[in-house]
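A, B, C, D and E are the chain letters, set down in written order, and residue numbers restart from 1 in every chain.
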Amino acid sequence: MPSEHTDAAADGLLLSARGLHKSFGENHVLRGVDLDIAPGTVHALIGPSGSGKTTVLRSLNGLETPDAGSLRIGDLAIDFARPPGRRERAALHRASAMVFQQHHLFPHLTVLGNVTIGPVRVQGRDRDEATADALALLDRVGLREKADAYPSSLSGGQQQRVGIVRALALAPSMLLFDEPTSSLDPELVGEVLAVMTELAADGWTMAVVTHELGFAREVADEVSFFDEGVVVERGAPAQLFGDPRHERTKRFLQRLQGPFGG
Amino acid sequence: MNWQLVLDSLGPIALGAITGTIPLTLASFSLGLLIAIGMALMRISGIAWLSAVARGYISVIRGTPMLVQLFVIFYGMPQIGITLDPWPSAIIALSLNVGGYAAEIIRAAILSIPRGQWEAAAMVGMSRGQALWRIVLPQAARVSVPPLSNTFISLVKDTSLASVILVTELFRVAQRIAAPSGEFLTIYIVAAVVYWVICLVLAGGQDRLERRLDRYAV
Amino acid sequence: SSGSEPAASGEPSSTGLTLEQVQEAGVLVVGTEGTYSPFSFHEGGAGELTGYDVEVITAVAEELGVEVEFQETQWDAIFAGLDSGRFDVIANQVSITPERLERYEFSTPYTYSPGVLIVPEGSDITGFDALEGRTSAQSLTSNWAEVATDAGADVEEVEGFAQAAELLRQGRVDATINDRLTFLDYEQSQGGETGLEVVAETEEVSESAVAFRAGSESLVAAVDEALAALAADGTLAEISERYFGEDVSQP
Amino acid sequence: MNWQLVLDSLGPIALGAITGTIPLTLASFSLGLLIAIGMALMRISGIAWLSAVARGYISVIRGTPMLVQLFVIFYGMPQIGITLDPWPSAIIALSLNVGGYAAEIIRAAILSIPRGQWEAAAMVGMSRGQALWRIVLPQAARVSVPPLSNTFISLVKDTSLASVILVTELFRVAQRIAAPSGEFLTIYIVAAVVYWVICLVLAGGQDRLERRLDRYAV
Amino acid sequence: MPSEHTDAAADGLLLSARGLHKSFGENHVLRGVDLDIAPGTVHALIGPSGSGKTTVLRSLNGLETPDAGSLRIGDLAIDFARPPGRRERAALHRASAMVFQQHHLFPHLTVLGNVTIGPVRVQGRDRDEATADALALLDRVGLREKADAYPSSLSGGQQQRVGIVRALALAPSMLLFDEPTSSLDPELVGEVLAVMTELAADGWTMAVVTHELGFAREVADEVSFFDEGVVVERGAPAQLFGDPRHERTKRFLQRLQGPFGG
């Protein structure tokens, strides 16, 4: 279940980003990105490689620092006009939790250790309580019996589900997914998408970078199409996939279907 | 081979190992590791002057003979008013030395941990310090055990240099025994065997540690 | 006699040491190798520190009315130890040389020993003039290397007499020059069967003495007095007879 | 500090480095690397007795002091009829030593190259030997440069031990200069500075090599 | 173009494998695999994870040694009743060339070095000639200007195309592909499949392990479906995809389409 402190602001949004800019050296990667996410909704981010989707998502979690723009998540508001301090970045880490493409589980900790290290060591929760919660979450994704296994002994799909549980256990106000299935064998993709679908149904607020157009179509409440560092087009999935307004969106959707169909 | 001499020397030499070589090695290696971690972190801190200090330290320590470092600490520093006893001096010199060599090993090991681990730790809410101690260093340990054991095993034998600053250890005992009879070759071989036994024990520990850390091999 | 020395008793310093300071401390700290038979070594290898120099300096301390404490180190650290105040004096067959006289003070000598030219039995070298172009193994600790060089020999430096003897027996060097006393002791330890023989003796006699930091005049004077007393009452001769079968403490 | 002595000693000590320390280091390191590659390959050969021989070699070499190894080769082997001159003895002892330490480094580096590289080499038609020399070792080099430079820099200073078997090098020259006056501390510091300069040059080489090998970093 | 020495035997097949068995320890992975490939045809190998597809392909190239069975490629015939010697394995390496899933390019060699090392160092061809041929092949896949780049500076799709050129340059009698697109970003899949389609049109004999059912359907001449170490069903793609005969095949095809369609 989503944590209680999911606070919508006056505008009814949980997250609102305005005019995010970011350059890596000469490379102007974000060129004014706006993003709005209402509480309890799933927002899909799609677009070609290099268009800045990952950079936006990492900015939301405080792993990347935009050069300009502003961001509000819940009651945390940050203006990137001046670089955020250590405190502000820590607050961003706390506000959302991320599921990485390459999962980045901690290989030297067991599955349970991966899930509880945040709640126990960082949030200072009671170990027994955190363990009980973690086991309940693992149970939900069908991995309770793997609690004492090390990540290296799990399949890719199992690892990714542990990554999701690690994020859930932090009780964030929203979840961020960066192509959570793109490094998985085709047969394992299903099990991860199924878990994500359930979370959406439970009312979690989610931002999902994905190439799985099927998932975006079925599960997302809203889709943003990125290209060259801006949101070119946003809308409900039915509209954006069925009747894309921009030429660039159309071309992208065709290209992704590939030469041999889906 | 003078077997009687071999037998008679074995006891005192082993005693020298137990009262000198082994405690000196253990103390210096533990301290040296701490220094090495500090220096490695300074080198990769990205803060220019910290990094320069660490570079300078590593360069001087690795670049000059330990014998001279011992001389300077024990016989040189009293001339500027700092007089330390033999054991503290030896431990300082040896651990500074370990610190210099091991810093490079640990630096390489830390850099070998993927950036994603730091990021996952930050995402989970850890400070950089927490990420270092709970996530990165435990993983770096795995990569650095074999080269660190080279350093450790070298140290066992380098402790013999401490005899120039009045520390009595294995090799000094051997030299004493060799002196009256002149049978230095025989006695030195006995000493070598005792060193070898110590190093076998260490190598066994290294194997066990490597296997344990391999539990979670990626 | 003193009073002008600034260093407080017990506090090591690179300046000289007065008799007063030693008496106040009640102990004379002596630097020595502990691996230099028969002058400074351990009984049977692992026993008590003993030897000619050790016994002489012990007797001197007794005359001064203070305890004696030994610090054992390697030859190359021994002067650094004296400089840095790690010990008060050195008793380790330190020969008196012009270079050392510039930096240190010495007591009256307590060892007089000629150098001997040692060769394998049956060698064609019969005297110093036959050393021209041959190889001689020499310890860094002694000054006999100079004699060998002057005689035209190539010098190989070794760590001690035992190594020199080994090289001679293996035929890898032709000769070595060392204290007669060292050779006598070596012969004794090998039960006489060394395969080596003495073929010549130097004119020059090496004089070894107790070494002090510069500025230790009052202490030197007291040690000289003690040595004189020990010579007079036959103690030095007695110690020497025990180690060498003759009195080497007098010229 | 006796500055006149410092000045006077600098020339001879540097000469000792050029005629002794440096050639001894270079010869021993090159030979030692070859031994190390051989031993590393033997250890991972999968052939039990080859692997056991390599293990034994590495254990004895790392486990016993180099001083004793020098003594055994120079003073011990003549007793079984093999008499070697100082330089060959020193090069043998030092390169055997490098071989022991570097073997473990190279073994770890070879094992760190993914199996896919061996397989791609086989697919292309290479024999195991070709795969090793053309594909695996060049990549292993990248991983092993930093720890091998530790070994290299240690070796520079360990050459001073060769003085006990009559090789004249930097440190022996320093001892010779210090002996008459007893100013060992001063002269040793001069020697340390010369060592340091040599090691700075080596560390510079290491940096350049690392950067060059990083060209194709994965 | 396929090399000239593509020799069909009396049965008209370039490759014929019979009764291949292979165990890893307790794990009996291949349980009697038969495979026939006619010269100039494309054979797709599909099936669930762990069914033994990779093991078969590796056996064809001599990277794996079956415990029993026999294999004929061109005029090379090997009976695995007794383990093949070094010579026989080398002959297998020569007979076919493999494109790996993870490409396994040599990172310390340039693109050109990767492509020419086999012809020059192993086959002993003249360096200038081999270089000219390699550049021509690189040109075909659109990578001529990358000849002097190191693999690490290429995108995944470019790396995989270099892997294909490396295999082509060996002038083998057939090409083996082990899921050549499954580690690629969705957008890069197309460029690799396009190259493979061209090669098929040129008449190369190819065995392709793939999850890209679209590619198998359009390009393959024949498809084998693997499950638990045996070929459960083989046939033309239209038949096998359109009207699978076995229950297992049906279930697999459904699963691969996934919860959100293709």
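Rule of thumb we're sticking to: a residue touches a chain if its C-beta (ideal position, glycine included) is under 8 Å from a C-beta of that chain, and two chains touch if they have at least 3 such contacts.
Fair warning: this is a prediction, and the values are worked out from it, not measured in the lab.
Contact with both chain C and chain E is made by D.
Contact with chain B and chain E alike is made by A, D. Looking at contact counts per chain pair, the maximum sits at B-D.
Rounded to whole angstrom, the centroid-to-centroid distance between chain A and chain E, based on C-alpha atoms, equals 36 Å. One finds 46 Å separating the Cα centroids of chain A and chain B. Per-chain CA centroids place chain B at a distance of 19 Å from chain D. In chain B, the residues that reach two or more other chains under the touch definition are 71, 75-76, 184-185. Chain contacts: chain C has residues 76-77, 80, 83, 163, 166 touching two or more partner chains. Working note: touching chain pairs come out as A-B, A-E, B-C, B-D, C-D, D-E. The residues of chain D lying in touch with chain C in their complex are 75, 78, 83, 163-164, 166, 168, 172, 175-176, 178-185, 188. Against chain B, the residues of chain D that register as touching in their complex are 59-60, 62-69, 71-72, 75-76, 101, 104-105, 108, 146-147, 149-151, 153-154, 157, 160, 171, 184-185, 188-189, 191-193, 195-196, 198-200, 203. Against chain E, the residues of chain D that register as touching in their complex are 114, 116-117, 119-127, 130, 134-135, 138-139, 142, 215-218.
Those residues of chain C that touch chain D in the shared complex are 76-80, 83, 97, 99-100, 102-104, 140-141, 143, 156-159, 163, 166, 170, 172. Those residues of chain A that touch chain E in the complex are listed here as 48-49, 182, 185-190, 193-194, 197, 211-212, 214-215, 217-218, 255-256, 258-262.
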